[in-house]
């Protein structure tokens, strides 16, 4: 076994954005384990300055192509709170539905396109089309469903069009909602078959105790807005996001870092699960049980399983939301508003975890100050610490560099990092 | 034609029954514009309550039920070195409710072009045969000029036409289908009073027009004014956006594209409604554009609309609904353009001989 | 995987394709995985040689390179030049690549302000955002923020079959009208539909939000008439400017204003 | 409750129903077939120049083949499945019922696809469409044919006609100009035209190469070589748009009546049936009223040339 090796992965594949992994082992000792984000910064916070509130969600959604709906809704929530606008109920329900669609799509992409090749041992999903056609088909069906939910509720799946300040520019079409409901029912078996595939996998045995942060509203599984809580007992108001994040920079990474009660913390599906497990749909809780996921779980690899559990929840939740939308008269969808000066934070549970947008407007409704804290930023520190712990554990287990490299890649991927989003 | 009178209540029941058991479309309010006016479109309706019988005019015409904006004309299936061409002229039946007289006139003109010419269009025929059209008379809007085009009344091209005579509708029944459907509902023969009320109603409509366009000898004027600066003037305003032709009930120009299926096992031939105002309408291979300027293209729309082509016996195809005028963002409308042309002609000092005819 | 497939008995080469992302949101690449029902057929046309976002295999023998994103750092310039050397067909893929995209909004602020505000005290390298064609020759443009997968599919099929790749030359209004949407100008808003290239199926306007022109100018647009329209309706010129500048796609027309 | 369904079943479109009658696309009763083409096999492909090829097509169905008729000057819509269809003049003899010949220049999308197909491939044709040269009316007169470049393609059908009915015409002149000698088409037929059919052939090129022994210049330079009895002459002109103007006005000055000069116009076309409106010139359809027009009509068509 080699006791001296250096792992240098430039632009890790099957993740969104550009980041490198460096691990150096000398004489059997771990010298360095680093997760370096090298993505090009785009400076959205500065770009936003001077932009009219009305246009903001269209700009913020471009922070990330995968969770564009979350970004749009986080900034909409911040601005609506800043300008004291209450959107109509129908709009709120539709937004929730859009969030479900996005999360489903994002999770499906991660589970089937990005993670499945790791578990099966291929380099991408393409060979799986031949070797595991049923799995790929199930994945495509779930992903398509997620996209369709977003399209029906937000006008388009990537970069939504109908989510605007004050509510919606256009109500979802009832005919399409009806079709969507049927589609959800038809696709449940696909998800079940995916669950049985994932239950047959053995997750790497690795755990490192950490702090999990998510939203919490006490009544339903979190999605848009609520209190900010952590497994270490922190409980704060949405506007106090700065106290939760404590952003800091490190020179090797264009993505920032955050910390709360410890060195690092985690947001994401696993954090939501750990904090809000009781609010999941019973079916989802049952699935979690079958897949061996129990709160509080500290194994980062289990984030993938938490996502799968959330998919089960989403299918049920989306159906309920559609039913309630179908019962509503979708006439009132937008609250008229006059721009005004104000400042507030909007927090949403993006697929990869809690996402904060904080906006300050002037009297004409133009943004004067903006701040966005992205889930992957909040996970950076933890990825970093986990990488070190995992590399050390691999050393102890006498794994060679190839194995270690694979394991580390897979661990990072489990976080489903969204790097271009984190460097915005 | 058979005439009957039906009470509005009974009529509601009739329409409701029809709408319930068929794919139906009728005017519905879809938005309120910035001036506070309702915007209507022909939309799917599922009960009689969905239909805005007292609507003003739909922003887009009913033409797309017969000439879809986009349709697959045929599909090729490849096998080996060979292929099969598959064409289906199947049209799902539709009920269209509340068309104005000018809308129906436009359909008659389309019939003329697409069915009575050298090469009848089967797809159009299938749709036309599979539709059930209920017309309704309406008071003219301030900018309607269908009277000038002589399309404010219509006698063919519908299954049923309803004139509002107070508590009742005066029905003109133009198809056995309509007649049979109506058997299940209570109607009566029109009496003297009904007839008087119908004449009154017609008069009211007739006298309600506020916009008049002088179309006498318009084809000749268009020929003479072919090189008029008027075209350039209006052309400079034109956005080349094709909106006018899209909302027009009688524009039918189209474009064909063919593309392979993603699995490469087939290909489809697709027809898209096009507009003579779009930049590449007259571009030929090598990039030569026969109508490079906005004005040239705009002129051609007026030529087609108001001069007509040999194919439909040089008949004007504009019915005077002014949808294009209403929809045009640049404010180009038939009334102003044609008046401008006339002015141009009337102020012209030199004598121009009339256009020579083909021998 | 076998390289040649047959179609109509004639063997055809799959397109040796690679996809690279630069300064962007990766939303356009994501579209490649959309339209799930035809995805297997679509991937059947491609021999993916390099596509970091979905595959760990990386080869440098591609013919077609999809370039997503704009350029805002020196290492990106170098990467791009290298790709240009290899690629037979270089595709500017998405609005960021074609026009600079929303990223260009950053160019309105001085570099110091950007860094001070976001990375105070850090040595961050950043260049003004440029579109791909500012640096290398581009063979094909596929605009859209994000690109429309159906259009991408159509273009890929055309490339495979050697037929002409075309984009609509007419503006969004044509497609907008076909969806029977109410014109945004009628609702009192400025919409860039009349000057923007169609092909998106008027997705924004049919969602009742104004077109911001992500697909760039249509062919031979009448900007003067468009400006006259905005003025004539008494709409806000600031709003117009914000919209025209949003994706940087109307840069060549902006000085028209004066 | 009320079933409105009315379907035109595809089987009604069966060709056999019409087999007994002459399949004239211009007949109302054939409503169902305007979108179908006759399937053809490409039986022979001859490369003429860098840019032009001659395609020989054979209608596969024997009944359709036996009934297909066209007149010199007419065109057809040639469909390459998957790529699209384009209007192409028929340049073979109208008495040749076995094969059709099309001379095609590679310029764009569909024509490029055509250039990549091999003998044996299957394409489809719709048509014939459009007006024809009035060959019967021309009988008993002198004929002057003027072709520029690819303009020879639509003139080949009337040329065949003249050859086949040579005794019905007086003097026949063919003026044919091209950019370079290598771009002259159908050179192998020159001798046949000259020797056997007694056609006075005059060729000219703009840019000569060392091997070229003939004349050099523009097509108008050939006018001095011939004498025309204007009172008894019919002219047919075909070439690029600029040529029409120059040549026709010269013929006009010579005194040939405008209604005895014929041109074949080219416009964008998508249907060939007067429905897509792409080919309209003035208030006329090139596909139905044209492509062959007499010069008098063209003069009245505004923007025609």
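Quick notes
Each chain gets a letter, A, B, C and D, in the order it is written, and its residues are counted from 1.
To be clear about the criterion, a contact is a pair of C-beta atoms (placed from the backbone, for glycine too) under 8 Å apart; a residue touches a chain by one contact, two chains touch by 3 or more.
In this text, all values refer to a predicted model and were calculated from it rather than measured experimentally.
Any chain touching subunit B that also touches subunit C appears here: D. When the C-beta pairs in contact are tallied for B-D and for C-D, the bigger tally goes to B-D.
Chain nearest the geometric middle of the protein is C, using mean C-alpha positions. With centres defined as mean CA coordinates, subunit B is found 50 Å away from subunit A. Separating the centre of subunit B from that of subunit D, both taken as means of CA atoms, is a distance of 36 Å. Subunit D has its Cα centroid 43 Å from the Cα centroid of subunit C. With centres defined as mean CA coordinates, subunit D is found 65 Å away from subunit A. Across the assembly, subunit B contributes 78, 81, 259-260 as residues in contact with two or more other chains. Listed for subunit D are residues 82-83, 108, each touching two or more other chains.
Residue positions of subunit A touching 2 or more other chains: none. Chain pairs recorded as touching, per the definition above, are A-C, B-C, B-D, C-D. Across the complex, subunit D meets subunit C through its residues 82-83, 108-109, 112-113, 116.
Residue ranges of subunit B in contact with subunit C, taken from their complex: 30-31, 33-34, 39, 41-43, 59-60, 64, 69-70, 78-81, 236-243, 246-247, 259-264, 273, 275, 278-280, 294, 327, 329-331.
Interface residues of subunit C, counted against subunit B in their complex, comprise 7-9, 38, 41-42, 44-45, 153-154, 157-158, 160-161, 163, 169-171, 173-174, 177-178, 180, 182-183, 185-188, 193-195, 208, 218-222, 224-226, 228-229, 232. Residue ranges of subunit C in contact with subunit A, taken from their complex: 1, 21-31, 33-34, 36-37, 39-40, 43, 48, 51-58, 72-73, 76, 101-103, 105-106, 108-109, 113-114, 117-119, 121-124, 126, 145-146, 203-204, 206-209, 212, 239, 242-243, 246. The part of subunit C that touches subunit D in the complex is made up of residues 161-164.
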